[in-house]
Amino acid sequence: MSEYFNFEFDRENRQGFTEVIYCEGKPNEVFLEILDQITDNLNDTLFLLSKVTKEQAYLLKEKNVTVYKKSRFGSTYIIGGGKPKIRTGKVLILSGGSSDISVVEEIALALEFHGLGFESYQDVGVANLRRLSSLYSNIDEADFTSVIVVAGFEGALFSVVNSLFSIPVIAVPSPVGYGKGGQGEAALFSALQSCSPGLSVVNIGNGISAAAIAVRIANLIKST
Amino acid sequence: MSEYFNFEFDRENRQGFTEVIYCEGKPNEVFLEILDQITDNLNDTLFLLSKVTKEQAYLLKEKNVTVYKKSRFGSTYIIGGGKPKIRTGKVLILSGGSSDISVVEEIALALEFHGLGFESYQDVGVANLRRLSSLYSNIDEADFTSVIVVAGFEGALFSVVNSLFSIPVIAVPSPVGYGKGGQGEAALFSALQSCSPGLSVVNIGNGISAAAIAVRIANLIKST
Amino acid sequence: MSEYFNFEFDRENRQGFTEVIYCEGKPNEVFLEILDQITDNLNDTLFLLSKVTKEQAYLLKEKNVTVYKKSRFGSTYIIGGGKPKIRTGKVLILSGGSSDISVVEEIALALEFHGLGFESYQDVGVANLRRLSSLYSNIDEADFTSVIVVAGFEGALFSVVNSLFSIPVIAVPSPVGYGKGGQGEAALFSALQSCSPGLSVVNIGNGISAAAIAVRIANLIKST
Amino acid sequence: MSEYFNFEFDRENRQGFTEVIYCEGKPNEVFLEILDQITDNLNDTLFLLSKVTKEQAYLLKEKNVTVYKKSRFGSTYIIGGGKPKIRTGKVLILSGGSSDISVVEEIALALEFHGLGFESYQDVGVANLRRLSSLYSNIDEADFTSVIVVAGFEGALFSVVNSLFSIPVIAVPSPVGYGKGGQGEAALFSALQSCSPGLSVVNIGNGISAAAIAVRIANLIKST
Amino acid sequence: MSEYFNFEFDRENRQGFTEVIYCEGKPNEVFLEILDQITDNLNDTLFLLSKVTKEQAYLLKEKNVTVYKKSRFGSTYIIGGGKPKIRTGKVLILSGGSSDISVVEEIALALEFHGLGFESYQDVGVANLRRLSSLYSNIDEADFTSVIVVAGFEGALFSVVNSLFSIPVIAVPSPVGYGKGGQGEAALFSALQSCSPGLSVVNIGNGISAAAIAVRIANLIKST
Amino acid sequence: MSEYFNFEFDRENRQGFTEVIYCEGKPNEVFLEILDQITDNLNDTLFLLSKVTKEQAYLLKEKNVTVYKKSRFGSTYIIGGGKPKIRTGKVLILSGGSSDISVVEEIALALEFHGLGFESYQDVGVANLRRLSSLYSNIDEADFTSVIVVAGFEGALFSVVNSLFSIPVIAVPSPVGYGKGGQGEAALFSALQSCSPGLSVVNIGNGISAAAIAVRIANLIKST
Amino acid sequence: MSEYFNFEFDRENRQGFTEVIYCEGKPNEVFLEILDQITDNLNDTLFLLSKVTKEQAYLLKEKNVTVYKKSRFGSTYIIGGGKPKIRTGKVLILSGGSSDISVVEEIALALEFHGLGFESYQDVGVANLRRLSSLYSNIDEADFTSVIVVAGFEGALFSVVNSLFSIPVIAVPSPVGYGKGGQGEAALFSALQSCSPGLSVVNIGNGISAAAIAVRIANLIKST
Amino acid sequence: MSEYFNFEFDRENRQGFTEVIYCEGKPNEVFLEILDQITDNLNDTLFLLSKVTKEQAYLLKEKNVTVYKKSRFGSTYIIGGGKPKIRTGKVLILSGGSSDISVVEEIALALEFHGLGFESYQDVGVANLRRLSSLYSNIDEADFTSVIVVAGFEGALFSVVNSLFSIPVIAVPSPVGYGKGGQGEAALFSALQSCSPGLSVVNIGNGISAAAIAVRIANLIKST
């Protein structure tokens, strides 16, 4: 056993969602020891790494770790071997603007890791309601098991989407905006104050947790 | 049509959750006009009122409005006639302490309004882990479709419960605590920072929204 | 001259907007001295009083001050004699919910004081987009010189309205909402973070200042 | 259509203000795809880019994008071809100190983009009231359709200017100041708390939105 | 000696400023014991009480305590006998609006207690610069040893006055204003961020401390 | 078992500190049910109640509950029968001013409940260092097992005391002070930022927790 | 004596805890002068340096300072000669996750400096209660004199551990977490709001102060 | 006249304190134009520059600007020729720790610029009261006209010094400390909440303003 680390290899079996390895802030020595510990299982197991720094990405490369998939922007990796276990259900991902893309990618990879399908539409914020309305009229909510909305600035998209859908809607504030409250705080406050009840909120930029809510809901459907 | 009010009578049909009448802050004249408008439908329709003030409760009595059920503490009312439409699913409600009771009652009434069953256990906070463990070992999570956790103070119960269950868990911070952060802010921060992914957060004391998440999930199961 | 007070009787002539008498927090002795000073001009001059407390309202009655008009809720008074000077232009007032009514009334009275017409629609928040869309399609923005939007909770209405109109839109956050940020802070943050540019923001509940912006714009049109 | 981006080419026609491309935080791949999409229109259309990072400025150069004009400091670009559509009206821009210059430049470029004239005076803060008074006595407010004031530190300039003019005044807090509140928060609070009613406030450093308010007002005059 | 209280009777001799008895929050039993202890010295000594509550004012009356002077509004008392020790110097007190009057009165009484003269002008805020300029041109700063400025809302008066005078200027934020930051926070931030150096700031509503600064300065002059 | 309440009667045995009954916020019905449940044990067991409201104090009286001791100010009660179990050790309690008295009383009662002796000195804040020094030179720290310091305002007393003693020092910020930060926040920040290491901090006004730390330390000594 | 520095060489004798040299923020010239001053004592004295920056670490190397021990991660150094004075007692250190390691190392070094033994278990947060329970059942609390808990995110571990142990528990919030409150604020709030009384809190990342509390307690035991 | 800059060359004559050139945040082009404008006066005039960045320091060197004196740490410069005008009075500067040195140096240079003498003692914080007491007993406060105290962390030094002296005391919070509130906020709150009246507070790190208060007081003495 590691002096630093105490990995729960069976968390997905126990809880229906993997133990994500949150990488930011871990010293290199710790990061490498984690890699060593999990690579013994790499042949047939996948692992999900979030908030991988550039230096850590370099270490991954240098150690020749098998990368199953990684996000184009941002810092999410699926490493190891084998295939995700396919789940029933499909998630609709909507984002307010093109600056939200790295949060969207973290969500997408976490869903893919858990074998859950999704459709994704970017830059459909309320600055152009016709764009949003036209998208909405082309979507059949019966095709989806939940909606994940990513938005920065004032986060108006959360309430607007939540009032259109009757399936579970999950709000992910994104750290984009102007001056005061622009690190995602205004969007977080909007999500928490939604005038439309039934919105599930996660912290700023926490795409992993939003995906986990969607997976928990999908788990539920499978088991009914 | 009212000059002040624009009620959406068919919201439950459209969205699967009723238009709740949030009463606090409404002047008496407005409150009475709302009552007048909805009592025309009282014979066979139920309405959900939240945050009813003492003065408004008195007006309800004076106007002889038919009360289907009201919370013992706090300020939630179901008024009108008819019966709730029964839904599949059952919700587990847990609270950290006996001061959370008025939030718990708001949740319970909102679930009952939407025909969703529940089991409720109070005062099972982390100050006594054995109490919580013994409760947990007597519960079969397969009996439930979601868990709603109400907690004030440091909100440690949210993460502890979220890491025990694999079904959706919803956190409702309660406005109870000491000095700095004691109006529920510390509990809200805990919920948003949970080290255990997949926790759905609502704002402090917003039991209505927690119930709405549970109903949205239950709606989904019915439709699968 | 008063020891406490230094009234600028000609401010409307100088600046196109009256010196409003902000009443909250003034001791009775000061309030009465102000009344005494301005009632010498009551025959042909109107005065605008904001945030009048219940005790001050009682003093107004006891002193037999001539009330030209007062708000039904809230605490705005026009006292004195004469008639407002009529201005060109019309303001569209929209509010998110029926709890915003006292802010709306303050705006309406301040506009009436300055002879500016308005149309007002309450409870048209984003929880029901169809309601809002139907209202929007019945409005011709060419009829108006500005839009004032009053909203509490998450304030999503500000951005939605601002992206629909091309005339000036003014956001007034209303002190209505849940727990954290529920005293209008979340709505204020939303207004300041609007993803749609060109939104004029005033402080929480400051209907007087919103009316003053509308009057400044109307002044401008008259002078072109 | 782009996977990331959903540009509304006709927003200026629809709303009287262009869709500004907010660049900060967009990954290079997204930024380049946006450039590709809009350069197809470069011959006769102008585009406004705000908060362009140094790396993005380098990409603009490398792609040989036609730059119509760029700010000397800060990071605002007008790219593309054609000429701005000239509008009636003129804006007076005042700034408190020489550190506000990059916000002033963003405003100036956004006004120029929309064909609106302006006069600009820097470093006229309240630390020297004689400087400000002498400036004020040389200005005829009838020449202008609005005033935009940029100020950091305590933002006293907002109220002082707002109480001197009767045309619309717009406050842009600038992120300059000492320790606590020195990122523009104190100036923002001052703007929101102005003792002089009728001040339009935008978020810290949001020159684009201030320009958009001025343009909305100018649009209105043209249409009267 | 009291179990609760530990009065330093000679503080004025030691420090040149009396030990003020801050009354708010003291239980009646404690308040009465303090009165008992100090009334033994009432024949020839004066005591300064601040933030006296209504209940405590009633106790003062009931105990027939000799009141030397009390503020008309607010809650400051000088009790006991004898006469203040006269000091050299005169303080100029300026306030932004008539709602600041109770803070002004606390300052005035504390100065009178220490035998320091003052002149006081109310409601000279920046909403009317001509009023302020005319006042300023009638004042000779050589007549004064310091200026105390009381202002709420945005506190612009602090910087404006500080840039006009070369003697020490002391800023007392007053708890008056709108919504966000309206309990004096915006005014406090303004004072701390003044673009004009050399402004001495005290906490919101702390008139006693402002008077103490003025007295410390006057002490210094006497001793030169 | 109660529907609301889940009392751990043996917590003192398990943890060395009783389960305190935090009363504020509990509805009367819940409070009475708790009383009923514990009065079955009143003959030979003591219970500690904190933050008892006036209404609850009245209920205690009406139900003729046996009160072992209650605080003169504030709202702490020891009810029931029997005697505290005597512990080794003695606590030194110091407070900055006479307004801290109700927090001091809560601490004193909680120590007495657990059979721990104490000495208490009030109003020994840093405004008079000689007072504090003289007290310090008369105290032998070898007589005590810990020091509890209660202070409001700027909380300078925490660091000063912590740097004088080598036994454990516990800081309890008290909700007393001026304007900004005056609800105990400034004192809490001071405690957390102490330049002198080894200070144990509890939340504002949480005397119970400070006493519990002292009891945990005393428990330890007994067991060595 | 140094112009900058005023070292108290005998603080450990006076207070039982050394004067730690907090290095961050000190200019190189000051840092070097401190090194010069203390290296005169290096033969038989140890010094504790905290928050050593990379540049300062380089200076240490260049000056050939004798390093007794340094933390693997983070920035704590023991320099000089001689041996720590051994103390009675043992500390249990628990951390929530592997990102807390640098705080843990600072604590460990500070304990070692003062001759206090410890056992340390990492990554035992509440995301896996079984892991924590199994650890707890293998520990005999009689072996320890205090517990130091390091946790980031929601800090639920503080309350859970505090409710399991009856010896003193010390909470060190760690600056690890998501978006809002993720710099350790949420964990700090949790510690301050613990529903379980008797938790000693120190500021975010202040491992030195936690160690000092443990040493003060150990000092006490030695002296009994 | 510059397009960016509007220098008031005679401010020292008008106000008794120079117009300080605050450099941080000014673009190079603006900084150079300011240098050009003022170097025309360099032969017999001194200028004070604060918060000079490393890049700006390099520009100063490259332009061969005559440096009269610069701070060893930090970023304050006196440039130009001639000699300061000598003032009566002497300032006592005290700092809590050696990390406050760059703030101390800014104060020292600003005093020297205005011809005011000073004595300075570093690292005399409350962690060692004997050190402070011994310093205090060697100082005769009659030698000084004011005291400037610089302190970070909890800022306890402000109140302790303020209660020892009867001349004006000025508090400068320094941006040094731990986690929450460690950027000088805790020290600022302490200064604003001082239990000892008569403390003049400036913003975090604003040594210039503290010096200006000392100069204003010295001006006053000269003129008596």
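Per-chain numbering from 1; labels A, B, C, D, E, F, G and H assigned in written order.
Everything below uses one rule, namely that a residue touches a chain if its C-beta (ideal position, glycine included) is under 8 Å from a C-beta of that chain, and two chains touch if they have at least 3 such contacts.
Note that the structure is predicted; figures quoted are calculated from it, not measured.
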Out of A-D and E-H, which chain pair has the most contact pairs?
E-H
Of the pairs G-H, A-D or A-C, which has an interface that repeats that of B-G (more than half of the contact pairs shared)?
A-C
Please work out the Cα centroid separation of chain D and chain H, and write it as a whole number of Å.
35
Where chain D and chain G are represented by their mean Cα positions, the distance between them in whole Å:
50
Distance between chain A and chain E based on Cα centroids, please, to the nearest Å.
56
For chain E, jot down the residues that touch at least 2 other chains.
97, 127-128, 163, 178-182, 185, 188, 192-194, 203, 206, 209
Seen from chain C, its contact residues with chain B in the complex are 72-73, 97-99, 101-102, 122-124, 127-128, 131, 176, 178-182
Considering only the defined contacts, which chain D positions touch chain A in the complex?
3-6, 8, 11, 19, 22, 24-27, 29-30, 34, 173, 175, 183-185, 188, 203-206, 209
What part of chain C is in contact with chain D in the complex they form?
14-17, 20, 142, 145-146, 163, 165-170, 188, 192-194, 197-203, 206, 208-209, 211-213, 215-217, 219-221, 223-224
So, in the complex, the side of chain G touching chain B is made of residues 96-97, 125-129, 133, 153-156, 158-160, 163-164, 177-182, 185-187, 189-196
